[in-house]
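The structure is given below, and queries will be raised subsequently.
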Amino acid sequence: MNFASDNWAGAHESIAQRLLAASAGFASAYGTGDLDKKVEARFCEVFEREVSVFFVATGTAANSLALASVQRPGGITFCHSEAHVIEDECGAPEFFSGSARLVAVPGASGKIDPARLSSKIADFPEDAVHHGRASAVTITQATEIGTVYTLPEIGEISAIAKKRNLALHMDGARFANALVALGATPAETTWKRGVDMLSFGGTKNGCWCAEAIVFFHPDQAKEMPFIRKRAAQLFSKSRFIAAQFDAYFDNDLWLDLARHANSMADGLRGGIGASNTARLAWPTASNEVFAVVTKGAARTAEHRGATFYEWPIPAATPDLVDDNETLIRLVTSFATTKADVDGFLKCLAA
Amino acid sequence: MNFASDNWAGAHESIAQRLLAASAGFASAYGTGDLDKKVEARFCEVFEREVSVFFVATGTAANSLALASVQRPGGITFCHSEAHVIEDECGAPEFFSGSARLVAVPGASGKIDPARLSSKIADFPEDAVHHGRASAVTITQATEIGTVYTLPEIGEISAIAKKRNLALHMDGARFANALVALGATPAETTWKRGVDMLSFGGTKNGCWCAEAIVFFHPDQAKEMPFIRKRAAQLFSKSRFIAAQFDAYFDNDLWLDLARHANSMADGLRGGIGASNTARLAWPTASNEVFAVVTKGAARTAEHRGATFYEWPIPAATPDLVDDNETLIRLVTSFATTKADVDGFLKCLAA
Amino acid sequence: MNFASDNWAGAHESIAQRLLAASAGFASAYGTGDLDKKVEARFCEVFEREVSVFFVATGTAANSLALASVQRPGGITFCHSEAHVIEDECGAPEFFSGSARLVAVPGASGKIDPARLSSKIADFPEDAVHHGRASAVTITQATEIGTVYTLPEIGEISAIAKKRNLALHMDGARFANALVALGATPAETTWKRGVDMLSFGGTKNGCWCAEAIVFFHPDQAKEMPFIRKRAAQLFSKSRFIAAQFDAYFDNDLWLDLARHANSMADGLRGGIGASNTARLAWPTASNEVFAVVTKGAARTAEHRGATFYEWPIPAATPDLVDDNETLIRLVTSFATTKADVDGFLKCLAA
Amino acid sequence: MNFASDNWAGAHESIAQRLLAASAGFASAYGTGDLDKKVEARFCEVFEREVSVFFVATGTAANSLALASVQRPGGITFCHSEAHVIEDECGAPEFFSGSARLVAVPGASGKIDPARLSSKIADFPEDAVHHGRASAVTITQATEIGTVYTLPEIGEISAIAKKRNLALHMDGARFANALVALGATPAETTWKRGVDMLSFGGTKNGCWCAEAIVFFHPDQAKEMPFIRKRAAQLFSKSRFIAAQFDAYFDNDLWLDLARHANSMADGLRGGIGASNTARLAWPTASNEVFAVVTKGAARTAEHRGATFYEWPIPAATPDLVDDNETLIRLVTSFATTKADVDGFLKCLAA
């Protein structure tokens, strides 16, 4: 009953086996091998257009280097107040872009509020040398709190960004979970809505370590080989990333894994909604569930072997929990089983 | 007959299998899991003292972050003129240390000349604010051209560095190959000779991706958790690095693999030394062999399936090759077979 | 009737003359001349303790380099939401500190709210590698909106900072105006209240270009000579800054100039308070006055030759002005005359 | 008899007086005032084309920001081995360009050797991601050792740079001295020979503090307002720089001052050439003279009040001085008098 995080899981067997199979033989290094090229071609198919793909080591690297590629001196990137880039990356996005600033934009449900975004952007007129320059917008899909931007919502953010010629980046650490929740294609969710760059995360969805930056306009990626190398993110034995993605895409494994994780989360959502000792803190659509549970129920669950994080109460909703309650986060993954879900729900009922 | 580079090889089977075995189950993320802790303890055993260990994604990251941890504003790091850090890392060491400068020191056999080092350091008096400040020295073991610093040579460099209170870093991308060539222990080769930090490379010696920065004085590593995270080098599923090192150290696999690679290089050295169409360009002791071969022999070898790089003629020895000769580099690894070596030597004889 | 900004004024005659007098003769460069040393000694007298002083070119440089000197990887500096460092320096503070982040803390009257500061700092636990590290707090004295921290208020901020071992910086672009408003000594206002570093501004108070970073604990300034030189802020003919400060301190000219400026602002405050067409937007104590005036009165004043900026309505007080009103900022300086003040007040009455 | 450096002199009286005259009245800040605009127009006249001009605080800032404006990730700037940017700026050029590397190119007489430049550039093929990318070339005019590039020499360097599309920067800390030595116009010496950016130095030639970056192709300067502000180099009371340049250009004062300084150096060169106790170390053409003098003569001169620096023996000419000799540098300026020169020559004869 481990719901701590999708990055506590290991690797899906198909991916681990593919990696094993790729361990023999010689391949040219630094991303120039045949498997790398094959996987790059797969990315083009998946996104239904020519894209430029850059493997990197971590989601933080994907976000940071993507944003670095569009920064200018004094540049500003707009993100949600609870975005991973501003909360959990120790300043990496600023570091890699030579000190560009992140400006937080509030918004309900973990999503940037379009009106607030417009207003924040307006604080940075084109030539106001003292304030800095609006350069990019980044959104997280699925969001850090388990919600998912709808396609029109993405389009709305995109339209605001384009008006000021800002690059639009999507942090897709849980991209597959969002796709499955939306029932939309990768293309529809990204470049067809004006997304310029995607951090395509495989790690949380069953890979060991498989992250890629996808540029939907390859001519905007010209600096990236140098940005990546200078960032110490160019793997020599690059095929060990490629092999993971190769298995990941085969027969839509990636979507199956995400579908499974989301479905396990659905189970949790259903059970919690029907529970007397717990309730959903807010609606979520992907593989994260946030629940208000009685402290007693939380302790019981832990006592019976459940692992999860208690979560800080969002500043916007200080009255979310009573004195005898606590907010918890439950994350599912490819490795979550129905038995885990049922077991946990039983703890709540106990 | 692939002698292109040790990073063209895949992963040794024991390591790949261990990774597969580690793919199941849940483990806490970001380096806090049990396997991470076990492997850290192994590093302490291997080096016969308490050390601080930080896994990172690439050798470039290991070098850059180690050097960044000891930089000061206007800092200078002294390295050999042909060092990987100055030749092949696209400015990463400077980037991560906030623009510290690398100053090249010449020296025969790919090793820093101690007298030249002293002289270069003397160009930067303690308080000369215009010039910048001597901060660190880095040496590569084994060197980029296949030679190996002897223990007294390391001690001599170290003594010069200590006189000015400079940190001493060792780039150990091929550390195991050097150890085996010297017949020395990890401790004797590093902290017992005054090395402060080691880039401990596993990738070139049979791992997929296993690089670690080892600090021999843990109190000097206090900033490293933040330096690493800010550098986007903290893996979430850190155990996939730990698992590789776990297998790497078991039963001294790492030394066996290096011994094998060096022995294959010995075979090449012997055969080339006895050849009519080739000669050793300079003596080497690890898993790299540099040979002057006739252009005809080189073409024949390629035609018969050998893979290797032709190498630029070192500036110091412009007359190294005749018009009908070329300089080539041959690198062996755990994956090199005796058949490869024999096959290549036959090409030369043809 | 120029109330646009104190940096629209030129140089006070005593300062300009002293500069002229210093133009002859030779002096050793880069801050090593006799006049530099004399002025450094004056700083020690002014602050009643040994201090380290570094001249720089701009207030932005003073703030940025002071903060850079106490940053650590992933470091966070807390500032007021309307602080100059976060609003008007185009990312310079982050740039010079290798991407440290500024975190805005709200507070009434342009001053950091102590409870909000404590709460924000608590968001960054000591070893939370993902969030970044609390490193420094900066306050502006006088504030950007004309108010002044009282001595106990400084002490309260300081106590909070010290609890977490954060450096405390004071942006003193209008330090003299604050001193005069408080009737306090330089020492009382700074190190006796726990301030570690001060950006000591002379430019807005009658100098051409005279800014200094003052360290109250000289051992904390050891890196500064290199930080300043690397930042291209070390003047060769450093005496032209020294000469300005020399005149600035003579016979307490600096305090007289600030007293004059504040007194002119008092005149404006009095007249506006008594006016029918204007009112004070909020109380101020230094040389800045913010007034709500009818649009008609504003146009009349401009028409009669008054220069000032209309100011954005603070987000916290959206109802500050009616439809037929506007918010304006009036800044006085050494160069403001009683005739300017009277003239402006007459415009309002017209 | 002060020959220590041209930055030991103060300010020429005309410049100091103009500054005094400009001290009264109000002017809009941050480079937007009338005097700023007038001086910018003067730069266009001086250079016979539309140029973009940016005032900064120091020569180091001018060089660093000019080079930063043309850097790319992993960028390389080629400079002479003895260039100020690599010898005396504490890493500022690298710092401001996000860690771009300076690569030293040797050459006789303080000038880049064109063949060596071509060869060094060739070490960095266009797409070699590991090595970094050739981005810019910088030359110093007059050079750090008193020599001057001829117009054809500039053209030759420029042609090499253009072949690889590298920006060409000129460090003109002593630009006026070079112009006068060449008898060439500003235009002929710069953009007509392919120079893209010039660090135009006034400080060493009679100003207090007057440095400007001149872009000969204004469309290449679009990022500069932000680069400069972020670098903390945008003066609020910008007119105090403008006023200096205003006087500097009036009636060609700048050329007269340089002519005077060069002529004083001519006096030294003549006297030293005819001396028994001294000889010219190498030919120079501007306001710097390098002489080998007997240690006795050096001591005598110092004893009689002469100030100058002893200079390190260039590595390329280790036999330049005998045991009883020393190498000295003599720098003249607008403030040097014929009496100083004659006095010094008398010391040598004593």
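Letters A, B, C and D mark the chains as written, and numbering starts fresh at 1 in each.
Everything that follows uses one rule, which is that a residue touches a chain if its C-beta (ideal position, glycine included) is under 8 Å from a C-beta of that chain, and two chains touch if they have at least 3 such contacts.
Note that the structure is predicted; figures quoted are calculated from it, not measured.
Placing every chain at the mean of its C-alpha atoms, the farthest one from chain C is found to be B. If you compare B-C with C-D, the chain pair joined by more contacting C-beta pairs is C-D.
If you average the Cα atoms of chain C and of chain D, the two centres end up 35 Å apart. Centroid to centroid, with C-alpha atoms defining each point, chain A and chain C lie 42 Å apart.
Centre to centre, using the average C-alpha position, chain B and chain C are separated by 51 Å. Multi-chain contact residues, meaning those touching two or more other chains, occur in chain A at positions 73-74, 89-91, 95, 98-99, 129-130, 132, 226, 229-230, 234. Contact residues of chain B toward chain C in the complex are 30, 72-74, 98-99, 127, 129-130, 132-133, 223, 225-227, 229-230, 234. By the touch rule above, chain B contacts chain D in their complex via residues 73-75, 87-91, 94-95, 98-102, 129-132. Taken together, the chain C residues at the contact with chain D in this complex read 2, 4-5, 7-13, 15-17, 19-20, 22-29, 56-61, 64-65, 89-92, 95-96, 203-204, 208-209, 226, 229-237, 239-240, 307, 335.
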